[in-house]
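Letters are used for the chains, namely A, B, C and D, taken in the order the chains are written, and counting of residues starts over at 1 for each.
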Amino acid sequence: MKQTLRPANLAKRILMSEYFVLYLTIVYLIVLTPIIPRLWHPMNIQNVLSNMWPLLVVAIGQTFVLILAGIDLSQTSVMAMSSVVGAVVMTSSADPVLFTKSPLWGTLLTDQGGLMASSPFALPVGIAVMLAVGLAIGFLNGFSVAIFRMPPFIVTLVSMMLFSAMAIFLTKSENIRHLPDSYLQISKTTFSVVSGSLVIAIVLAVIAHMVLTRTLFGKRLYAVGINTTASQISGVPTRKTIIAAYMVSGLCAAIAAILYSSRLEMGRPTLGSTLFIDIVGANIIGGISLAGGKGKVTWTIFGVFFFIILANSLNMLNLSFYIIDMVKGSVILVAALLDVARNRIRKAQM
Amino acid sequence: MAEVVFAYKNITKRFFGVHALNNVSFELERGKILGLVGENGAGKSTLMNILGGVLQPDEGEMFLSGEPYVPESPLDATCAGIEFIHQELNLFTNLSVAENISISSFPCIRRTPFIHRRAMQDSSRKLLQSLNLDISPNILVENLSPGERQLVEIAKALSTNADILLFDEPTTSLTANETENLFAIMRRLRDEGKSIIYISHILSDVQELVDDIVVLRDGQVMGGGPIADFPIHRMINLMVGREIDNVFPDRIPSIKDRVILSCEHVSETGMVRDINLSVREGEIVGMFGLMGSGRTEFARMLFGIDPYKEGSIVVDGEPLPKHNPQESIKRGLAFITENRREEGLLMDYPILENIGLVSLPDYSAAVTRLVDSKRLFKRADEVASSLRLKCNDLKNQKVKSLSGGNQQKVVIGKWLLKDPSLLIMDEPTRGIDVGAKYEVYLIMERLASEGTGILFISSEIEELMAMCDRIVVWSQGEVMREFRREDFSQERIMRIAFRQDIDYDMEEKVVVNGNE
Amino acid sequence: METNRLVKFVLKNSTAVLFVLIFIMFGLIAPRFFTAKNFQNIMSNASYIGIIAVGMTFVLLTGGIDLSVGSTMYLSAVVCGKLINEAGLPVFPAVMVSLLVGLMVGAVNAFAITRLRLVPFITTLITQTIARGFGLFITRSVAVNYPDSVTLMSTSKVLGFIPLQIFIFLMVVLLASIVLNRTRYGRQLYAVGNDLESAKKAGIKSDRLIASTYMISGLLAALGGFVTITQIGRVNAGFGSGDEFDAIAAAVLGGASLFGGIGTVFPGTVLGTVMIEMIQAGLVFANIDIYIQPIIMAAIIFSAVFIDSVRTTQIKKLERRNILKV
Amino acid sequence: MKKGIVLFVVLCLLVPTLLFSAGKKESDQITIAFCFQDLETEFWVAGHKAITESLRENGIRVIEKNANEDANRQLEQVKDVITQGVDGIIIIPQDGESAVTIAKTANAAGVPIGIFNRPPSDKSAKNLVVVANNEVIAEAAVEHMAQEAMKLGRKVYPAIMVGDLGDPNAVGRRQGFMNVMAKYPELWAAPPVEIPTKWDANVALANLQSAMQANPKIDFLFTSSDFLFPVIKSVLAPLNKWVKINNPNHVILGGLDGDVTAAQLLEEGYLDATGVQNLFYEADVMLEAMLAAIKAGDKTPDKWMDDPGFALTQANLATRAEEMWGWVLYKEKK
């Protein structure tokens, strides 16, 4: 009604917008531009993007589970497991000194490398195996949650413990190198920013967005997240939906493992072990609630973007590492506060 | 002249410029029960929220025993001796009955923060006894039936020795004798000098119970005075603002020969025993019984939500093996559950998504499983308008912003999209106003005439008698007897439901299925 | 009817039954496991995480979560050590100050959650980062050593036979159990966790209650930190990191729900904590390959939770109302 | 009004951020990025201090990055400092394999890179390497312990406190211990007890306590890191086993790192041996080589410098103590 207050109106619209986190990130970037001269250096942009894709992929998987009012702590161990298993399949040679103690030595892994060593099919088979690992662990989680009605937090916490330990056990702590070149190419950039990772992440994001907004599965996922009983009575196969969501989460973690280990050029039993907070943090900053029923892929993208920009800018600021944590916490705090402010305004408008 | 305990004076409340209450004034006298009736949205709850300090009026004043009364929070209301018994229970299922009753003011050992358990249990036990509720004060509320929970809620309100008690639809989850019991208690409280405001959609109850009445419509008082001056038809006319001759539509039986559903010897340990039942095309079969008599439990088994041990269920001539809701839906069954909030609706979800939920697979492509939103919207819109659903925006408006009647229409709508051949309705008119009830009856009548079989569960015997072709009476997990429309008798049905008619019943139990 | 009762009893106490089973199993593998000394070790090692888990239980009861306890432990332990070493404060006042630090971190959480309405997960994630950052800032990440006067406390015995840390743990558990079960505060806490809206309607000052749980959690984190210092004598930069997950796991294993309203300190959280500690000790006793240990640990915890969820459905079935007349 | 508060908070947080960063100007000064993996134990703190101080003493601007034990994060940080145009990078990698990947990144960008303390797993990248061989040093320390054990003229019960299994240093140290186990099979009364610590003092405490309870005869204990000595003390003391060498109850004790506590325990006669990496030497040679490369304009220097390391034992304490970094710090403290 009061159209006269233009700037205030605009501010309110920005604050209320679904793209708020994105705007916030942009404002943050603008403020930092004069301080960090190299912020817009092509190489930095390249860095930011290459950091973003794998985290985005794994965070999207988490989004599916969060919509269900679940949580998946095991994504980090999925990454470790599929990284190790995939590398075992693909590697072209393994050092006997390092790997003779591995339980896989002599069967799946020899000094000639893994099963598909130097085979032209190493890449497709390796990737298929990695995805299968993700799906399998996701299935186990989903099955326990849906069929046995075990609390997701504990189920995924336990599978996190289990599969992290398993990944370390399989290689006896050693990293596996000598992966096929075609695999390493996935994360290599051409035209400065375009890379296999970029393509994979964007395609995945688009598919995930379509799945959530347009498909039967997506709509049922929200329904189950809001009210499982009502959904079940309305003919939603709730158990299948839950299992599927955890499988998506595992799958995404496996894809992220492909991107991460391609970038690191190795299969790593501790891959991603510290990422959980970033994954869930990005989702929640993006606006996705732990209580379920809410969430969009675009929100996840903005949340991830925010987290990546934050980490990158803090690196570029060269703060003493003693205070870097405090600054990081403060920036997240501001973002969270602004989010609260806009929720209040939204409620007041209702 | 009786003493006025509480008075509204010219109360006006606007939301976004729209009058929710317009210049409302009336008085509550000591030792009287005042009935407050009106359709949903007439302003009853706004009025109560103002009384309870949840909302502040834009204009007008309130007086408590002649003194100005300006509550700023629910706590102020409690301090002023005003207690609310809401339709939605405010109980904590993880606490014991005694703890729930004294949650706001635990009795403590002297001045320590420690709860005086003995005192708490004793006072709770006394209150429960006064409500004729035979349960231990130490039992957890989650183990109680809905009716028992309602009584605990009332005990909680009584525990504060409030002067003014407000009952907002307290009988919705009560069985007939629990209701009678409650009314007796309310009368006793009145005789002890308490003042009571009673809100209900069940006008016959209002008429039976209250001393005075106030009728609201569109935020205004349409009339008020001693109940004797307000026969039911006058109440209704004032509430809806037009002449309604009938509370129920005319029922034109349209039963076809084809049997849609037949159950034989369905049993489940501890729940139901040897249930035989059939429903034909276009037939409305009523299921009457007390709360916990097995009606709802049986309906859930029928729909595949809960398991059953023995017996067979045949739909459209084909047996339905051990199944789940998905299978039932495929076979043309639909189930409107008794509690909309928990089992019927996704309250935080838009109307369209709720209406579309059941039939989503019909609107999604074969391989990609992409949902054809346009087609779905078109169909949902058709159904919504055929149900006369009142909403602003099908796509974005959340269900929780709708009134109870319209929410129920959404539940019905989501099943209608599937064109079910058998519709199970469990208390479909509970907690909705007279106008909306009438519309629900019309929809049932229309569906039956189109050939849908309806299994209609209700605790309100009048509506069953008005709408059904047959009534099956339940008691303690068994079907006691069946009545054809021509044999309907309120008294006999009630007596059988209360098992006061066993011998008489046994003779006639020969007639089990309508088609015999 | 009697067998039914027995079944019910076993189901209701399945966690305890499982506890005993695991105890016996390890005992059979390694007979020394059965010694009183070993049980004392398990208890004293469980004490610090147990104390933190008790605080976590309060927070979980309201449906919240506290990810900051590990950092709170670190920060308060650092402050305590610095006060003793550099300010020359006697141990007792230094400990009091460090408890105050824990309380303050909790108060910051409480303020952000109940006043600013931030989500607990994000709030405590932020305080986790900031509190540890602050501790690192103070110490420059150098380890803080404690004098013998502190480490000697771990060998002191209360009443002549209860080691100090176990005594503190038991006191915390006793106090927390009394508070949760016997006081107005405790029962209202359960009410808030069960249904926040109804609790508000019932006139419960829910914000105050929720705020208090974070302060309790912060305080107990600091106390737990101190208890463990008396045993290990030194605080390095990684002190306490990741302990929040152990505490949550212990509470959830003890039956607490992350959605609030469900959970007990005793037996719940205590049993959860001791069980985890016992399995860990048992694995060492059995001298199992260190690469396999975490795998077995995960498997046992999984089966504990599995049994718990099965029993919940079974109890529901058994307690379902019998509406048929007999 | 709410907006005002929010704006205020934003400003409050941004201003210090600006202030912190404003103090650092771009100049002709040589800039070296020091990317370390974490600072959780004394060893890393001392290493970090040795390097940064030597750098600053040489008038070099230092950018520090902490990867918090995440190889990916370290890679991202290295990329970020390359973007900032540093003249050289020194990393303490998470492990040898990620060191190779990171070094290749630096090679591609034409920034000299030095790898500290953990060897790259192969020589495919060009880098300066200063490392001590954890396995060899651990073996030397345990070897001395074994010699001491032989003097007892009986079989002993060995045990090892193993670090985090995701950490290659921990795995290397365990291997060094195992080598000695294999070397003198007749010396051991039982197979070695392995005690997991996850590099966490609390875990170490609990597990060591259990292990001592389960195997009370343990009298030969090697800890993979010196930072666990306080834990060992608090477990052994109540068992009357925390006694000096030559006491019949003495547990033959060895460690690795050479930190301050170890120095003190050696001097007091509780500790038999500790494996030492010569931290100061390592820092010096790394710095020298790096500066030489920068001055010569060599963008991909490639040089392997070994820190031989050694075991400081009661036997060579008098002669070699000064080579142990912890000893020097200990004496400074005193």
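Just so it is clear, a residue touches a chain if its C-beta (ideal position, glycine included) is under 8 Å from a C-beta of that chain, and two chains touch if they have at least 3 such contacts.
Fair warning: this is a prediction, and the values are worked out from it, not measured in the lab.
Enquirer: If you average the CA coordinates per chain, which chain's centre is most distant from that of chain B?
Expert: Ranked by distance of C-alpha centres from chain B, the top chain is D.
Enquirer: More C-beta contacts across B-C or across A-C?
Expert: A-C
Enquirer: Using CA atom averages as chain centres, what separation in Å is found between chain B and chain D?
Expert: Averaging C-alpha atoms per chain gives centres 70 Å apart.
Enquirer: Roughly how many whole angstrom separate the Cα centroids of chain B and chain C?
Expert: The answer is 44 Å.
Enquirer: If you average the Cα atoms of chain A and of chain C to get two centres, how far apart are those centres in Å?
Expert: So the centroids are 30 Å from each other.
Enquirer: How big is the gap, in whole Å, between where the Cα atoms of chain A centre and where those of chain D centre?
Expert: Measuring from centre to centre gives 31 Å for this pair.
Enquirer: Pull out every residue in chain C that's touching 2 or more other chains.
Expert: Answer for chain C, listing residues that touch two or more other chains: 136, 140-141, 291, 293.
Enquirer: On chain D, where are the residues touching two or more other chains?
Expert: Residues 165 of chain D each touch two or more of the other chains.
Enquirer: Give the residues of chain A touching no fewer than two other chains, as numbers and ranges.
Expert: Correct list: 168, 172, 321, 323-324, 330, 333, 337, 344.
Enquirer: By the document's touch rule, what are all the touching chain pairs in this structure?
Expert: A-B, A-C, A-D, B-C, C-D
Enquirer: Over in the complex, which chain C residues touch chain A? Could you list them?
Expert: Touch list, chain C to chain A: 112, 116-119, 121-123, 125-130, 132-134, 136-137, 140-141, 245, 248-249, 252-253, 257-258, 291-295, 297-299, 301-302, 305-306, 308-310, 312-313.
Enquirer: What residues on chain C touch chain D, complex-wise?
Expert: 30, 32-33, 35, 37-38, 41-42, 45, 48-49, 136, 140-143, 145, 151, 154-155, 228, 231-234, 236-239, 242-243, 277, 280-281, 284-285, 287, 289-291, 293
Enquirer: State the interface residues of chain A toward chain D in the complex, per the touch definition above.
Expert: Residues in contact with chain D: 11, 15, 31, 35-38, 41, 43-44, 47, 50-51, 54, 168, 172-175, 177, 260, 263-266, 268-275, 311-312, 315-321, 323-324, 327, 330-331, 333-334, 337-338, 341, 344-345.
Enquirer: Name, in rising order, each residue of chain B that touches chain C in their complex.
Expert: 74-75, 78, 89-95, 99, 103-104, 106, 108, 113-115, 117, 143, 145, 269-273, 292-294, 297, 476-478
Enquirer: Residues of chain D touching chain C in their complex?
Expert: Those in contact with chain C are residues 38-42, 45, 162, 165, 193-196, 199-203, 205-207, 209-211, 213-216, 227, 230-231, 233-234, 237-238.
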